[in-house]
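Structures follow.
Below, chain A partners chain B and then partners chain C, in two separate complexes.
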Partner chain A sequence: MATSTVTRVRRQLPSSPWLFAAPGLLITGVFILYPFVSTVVSAFTDRRTLVPGKFVGLANFRELLHDDMFWIGLRNSTLYIVCVVPALVVLPLLLALLVQKNIPGITFFRSAFYTPVVASIVVVGLIWVWLLDERGLINSLLESVGVGRVGFLSDQWLLLFSAMAVTVWKGLGYYMIIYLAALANVPRELHEAAAVDGAGAVRRFRTVTVPAVRSTMVLVGALSSVAAFKVFSEVYLMAGPSGGPAGEDTTLVMLVQRTGTGLTGRVGYASAISLVVFVVTVALMLLVLRADRREAS
Partner chain B sequence: MSVLEKARPVSRPEAPGPRVTDEHGRRIRVGELVVRYVLLLVVLALTVGPFLWQLSTSLKGPTEDIFSSPPKFLPGHPTLHNYERVADTIPVWDYALNSLKVAAANVVTNCVGSALAGYALARLRYRGRRVATLVFILAMLVPVEGIIIAQFTTMRELGLNNTLVGVVLPGCIAAMNVLLMRNAFLNLPYEIEEAAYVDGADVWQRFLRIALPSVRGTLAVVAIFAFMGAWDDFLWPLIVLSDPSKFTLTIGLNYLHGTFANDERLVAAGTVIAVAPLIALFACLQRYFFRGVGEGAVKG
Partner chain C sequence: MSVSRRTLAAAAFVALVLPLSACGSGGDDGGSGDASGKVEGDITFQTWNLRANFKSYFDGVIADFEKQYPGTHVKWIDQPAEGYADKISADAAGGTLPDVVNVSPDLVAPLAKAGLALDLDKAAAKYRKEYLPGAWASHRIPGMTGTYAFPWYLNTGPLFYNKSLFKKAGLDPDSPPKTYDDLFADALTMAHKSDGKVATLANVPTIEDFGRYGVELMNKEGTAFTFNDAKGVQLLSKYKELYDAKALDPQALTATPESSGRKFLTEAVAMNPGSALDLDNFKKQAPNLYKNIGITDQITSTGHVNMYVMGVMVNSRTKRTPAAVAFAHYVTDAEHQMSFAKKVAIFPSTAGSLEDPYFTKEDGTDETRVRIAAAKSLKNAVNYTPVLFSDQMKTALRNEVAKALQGKESPKAALDNAVKACNTLLQQQG
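For the complex of A and B:
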């Protein structure tokens, strides 16, 4: 019955499905898939913004190997994953546990903790540039407790770690909401049984909560590591367009932006870097998903 | 287990009285409650504090010391002077208008385009439907940062670089949203649409009168995230816009920061102008923001 109806619907208006899907397919094709193919092709050419360029084989990739800036970018983007991902897997979970119980006023707290997610990364970056300024609030506080002023935004490493802290700060609320949804599905009986067995809060967290939200932790790990590797705005705003002292805080996407734009932009070379970003991103996804499957089985 | 079942109170008190209970009606100890609220207030200070400090800085006049140690959290003589100065320094209201145009256009195109495409993927049978679905799935997996230079050269080829249309186009029907709408339509019972078909409704009537009103919630999520995404976006407008008269707020703020970095009051006022509309929107439509995280967790 159902199929016959559907068949008749199809016969009635044969062109309409494509009419419905056409705008979406057109935009996706022209602005996502075509640029993707174009990136892959350009990576093997010496194309510039105003010059079509010719095929140069692996020359761009050979140049990458000897480009100090590329290695700096790769190092910083990798460090970003190493430092930011563990924080974004664990801290939002603890935060979710804190706001999980429906005590009075909790909806206010949940919303308030989400505010940094809503704000533009530019706003967030500039807020923290001012907070971490040589004469800003955090240094004022540090000075009044006798620690002295710290050059958060002038030292190469402190700058990078400050940017990471900002990324974590902005991401907390987002992943907290993901964890809240997962925690709602943890059977209460498990907690009660563990409590009856005399397990304390920490023990119950390790033996009940963590196993129950493990797949969500993997999801958060995958999402945050892909996002961390592609970091651009925080570092760009805090370290400046040139990437901090001697460019030592440049990330890969910053390098793509710097190399490939402008009238003299080296589109071919920037595409080669983009391809590295793409391959690492996909590899990260596969790695995390595979680890998840192996552990689950 | 059965002992526990019996021990659980049957009724769930609605109003929080002196006895604070959790969602299962069990009592929370006072000690635990105090610890929870203290922690909540600490996190509140860490997450909302920076915004308030920025607001406070923006309200401090030129004679007030903003660098004092220990810091002064409240402005001594609150003034809107800095907001007037932002408008004198950069055309901030034009930038806000540009941001609003971009965000509004992004909302309309995403809602219309992804609802149409999502309906086609979920409900209509035709040759190539699987291929069409695959196109959107693949597109969703492509990291925008990895193709941004090619998007820029594409935009140049079309002669749309340095225009607001160019800012909107690449994300105007996000594959993510198409798939969200597809799932929403798939979750609707088919029978109603079948009945409408029997009553002689054509595909547009079924789409507009029956399917679309049933997925309003998801559509609201798409709209809100489209607005927020466009309003907050930085990397793409930074690349595609070069003419200062076309800047959106985020790019204008970056310019303000780059040129007047030493004028903290001015930059603070600019950031407040940029963030206030979104915080207001969030305050009004919270549940859709939260729902969006759940439905679009793949967005990253």
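For the complex of A and C:
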């Protein structure tokens, strides 16, 4: 009966599925597909903010190869992945194991660990800038214990690692929640059986917990590596618009923003950088998925 | 009436790609540059972060204008300070630039080059004599003929210094540095006496510092930057000395105006540029600093301080050229600039206005003292910021200066690289 109604409707209004999908398609088209196609087209032109560009072939990409700032951006974005992703795959899992236990007051800790996720990145960034300032709280503490003041915000490497620390601190709660959901699906019997067989806490973590949440770890790895490669706010807020001392902390997305915005922005060149970011991001996702598939097989 | 998948895909592709062909083309569909017709019609007026504090002032100006020119209607829109250039870029690229726009010379330059700013030497030449010659010239673009915005208000921020820190370093708190040579000597003394704990400055040198030091910033034709000359190298070498001695704050390489202001508030640095509005801030947030605040002119070795100019541009594509020109002039005429100056610490760019007793007569308050000192220095001030110096160029200079201060490059090599990068960007601007 239901099937015949559907068939009748289809016959009467063949385009009805498209009509239902139209709002979603329109939004996707206007806000995702159109900007994407526009960026790809612009990447092969010398378009500027107020001047329509002409086709320049691969000139923008050739220029990228000789642009020191592009290589600095690529280095920093890659370093961000190398340092931030392992931390964001492992630490939230450990945190989730800690807060998974149903003991009095645990809700407070779960909420506390999640708070940085909902806090505005601008507010968080400014707070960390104040804390890490040459005369900030952390430096005052270090000085009081005889370590002396550390140039967290003036040394290019310390600045980059400080920004990474903020990214990890802010992301912990988010990935912790994902792990908590995964851990809830790990059968209790597996842990009990392993415990009966004499496995300690570390052994149970290695042989029961990790295999059970492996697919979640892959998901977290993929999500955090894409986010890390596209990092902007933390570095922008802590290193300033010029990207740290001599621009040495610039990331690729910061370079896109700096190059392509404003009245004299080089939209074509910035689009070429964006395209590189896109290709690397897709490649990263594919790598992670392939590694997961190989492990699974 | 089924739609084939291929047809649908083709339609979607055309819908997506077709607009690209029009993207940024900005066809010349605007009005004429003739401002001689009847002043009538609806126009839009965009200001730069002024609504929050001056709503009643602008409402009054607009109401008076509409009364004086029946048949006109001015729609006032205000944009936040943050991202103002990006907003103008989006409007200009999208063909939605308002009829009358509040701009600074560096913003008007790319708009004029794109043919979006009305040449006032042609459309409003009769008003030219009402303004200070230097102010009128500030919206001329090298390589182009014409003037592309009415000069509006001027400013030249005073330099604040902490008398208490000067005293502790054994420096005369009533005799602050005036020239760069004085500044370098005092800064090194301050760093030495405080064992590197108190820096005198919180910012690396900007293009305006090079100008005030007497460096030739561009060639006469305005086609190339030249700040890598011997004098430029000398200035950067001196700053390197300051940086090594911690007379320049170690975080200066990443400083923003906000962060350096905070350093001054916390008495970590002894000098900082600002405006008369900062006095209130000091009074509320740092009463101890306020008690010891010293106010002096910008440091300059040329005898001229730097002047910041704000302007009002008319969109060349406006459909209401007479009304837009009349309103831009109305906002910036002597009467309205004077009344605006009495509401906020800015200075009129109209001829003779700075002779008004408001800018010459002391009344014993700090605010008046700052105002009179600034008005006095404005009389021979120079706008050292080249109108073609874009944000990208500022970043290029800043990064090369940072490399020199860190010792990664010699001052000469750093400035050569900065000039090369800026000249490349200049050529790309067209």
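Observations on the structure shown:
The criterion applied here is as follows: the second predicted complex is superposed on the first by the 279 of 297 C-alpha atoms of A that agree within 3 Å, B and C clash if a C-alpha of one lies under 4 Å from a C-alpha of the other, contacts with A are read in each partner's own complex, and residues count from 1 in each chain.
Criterion: a residue touches a chain if its C-beta (ideal position, glycine included) is under 8 Å from a C-beta of that chain, and two chains touch if they have at least 3 such contacts.
Here the structure is a predicted model, which is why all the values come from computation and not from measurement.
After superposition onto chain A, the modelled positions of chain B and chain C overlap sterically.
After overlaying the two complexes on the shared chain, residue contacts for A:G265 are found with chain B and with chain C alike.
For chain A, the partner touching the most residues, choosing from chain B and chain C, is B.
Contacts of A:A239 after superposition: chain C is touched, whereas chain B is not reached. Of the two partner chains placed around the shared chain by superposition, chain B and chain C are both touched by A:G29.
By the touch criterion defined above, A:L153 lies against chain C but remains apart from chain B after alignment on the C-alpha atoms of chain A. Touch criterion not met for A:A283: it reaches neither chain B nor chain C. Touch criterion not met for A:V210: it reaches neither chain B nor chain C. When the two structures are aligned on the shared chain, A:P52 is found in touch with chain C, with no touch to chain B.
When the two complexes are overlaid on their common chain A, residue A:A291 makes contact with neither chain B nor chain C.
Of the two partner chains, neither chain B nor chain C is touched by A:V82. It is stretch 256-264 of chain C, out of 22-30, 112-120, 238-246 or 256-264, that runs into chain B when the two complexes are superposed. Of the residues of chain A, those at positions 14, 18, 29, 33-34, 38, 49, 129, 133, 135, 240-241, 261, 265, 267 touch chain B in one of the two structures and chain C in the other. Listing the residues of chain A that touch chain C in their complex gives 14-15, 18, 29, 33-34, 37-38, 41, 46-53, 129, 133-135, 151, 153-154, 159, 239-247, 258-259, 261-267.
Of all residues in chain B, only 1, 4, 16, 20, 22-24, 28, 33, 36-37, 39-40, 43-44, 46-48, 50-51, 53-54, 57, 67-71, 112-114, 116-117, 119-121, 124-126, 129, 132, 135-136, 138-139, 141-143, 145-154, 156, 169-170, 172-173, 175, 178, 190, 194, 197-198, 202-204, 207, 228, 231-235, 238-239, 249-250, 253-254, 257-258, 264, 267-268, 270-271, 274-275, 278-279, 281-283, 286, 289-290, 293-294, 297-298, 300 touch chain A in the complex they form. Listed in rising order, the residues of chain A touching chain B in the complex are 2, 5-10, 12-14, 16-18, 20-21, 23-25, 27-36, 38-39, 42, 49, 95, 98-99, 101-104, 106, 109-116, 118-123, 126-131, 133, 135-137, 139-141, 143-144, 169, 172-174, 177-178, 181, 188-189, 192-193, 196, 219, 223-224, 226-227, 230, 232-233, 237, 240-241, 253, 256-257, 260-261, 265, 267, 270-271, 274-275, 277-278, 281-282, 285. Across the complex, chain A is touched by residues 1-3, 8, 12, 15-17, 19-20, 23-26, 85-86, 88-89, 92-93, 107, 110-111, 113-114, 116, 249-251, 253-256, 259, 266, 268, 390-392, 395, 398-400, 402-403, 406, 408, 425, 428-430 of chain C.
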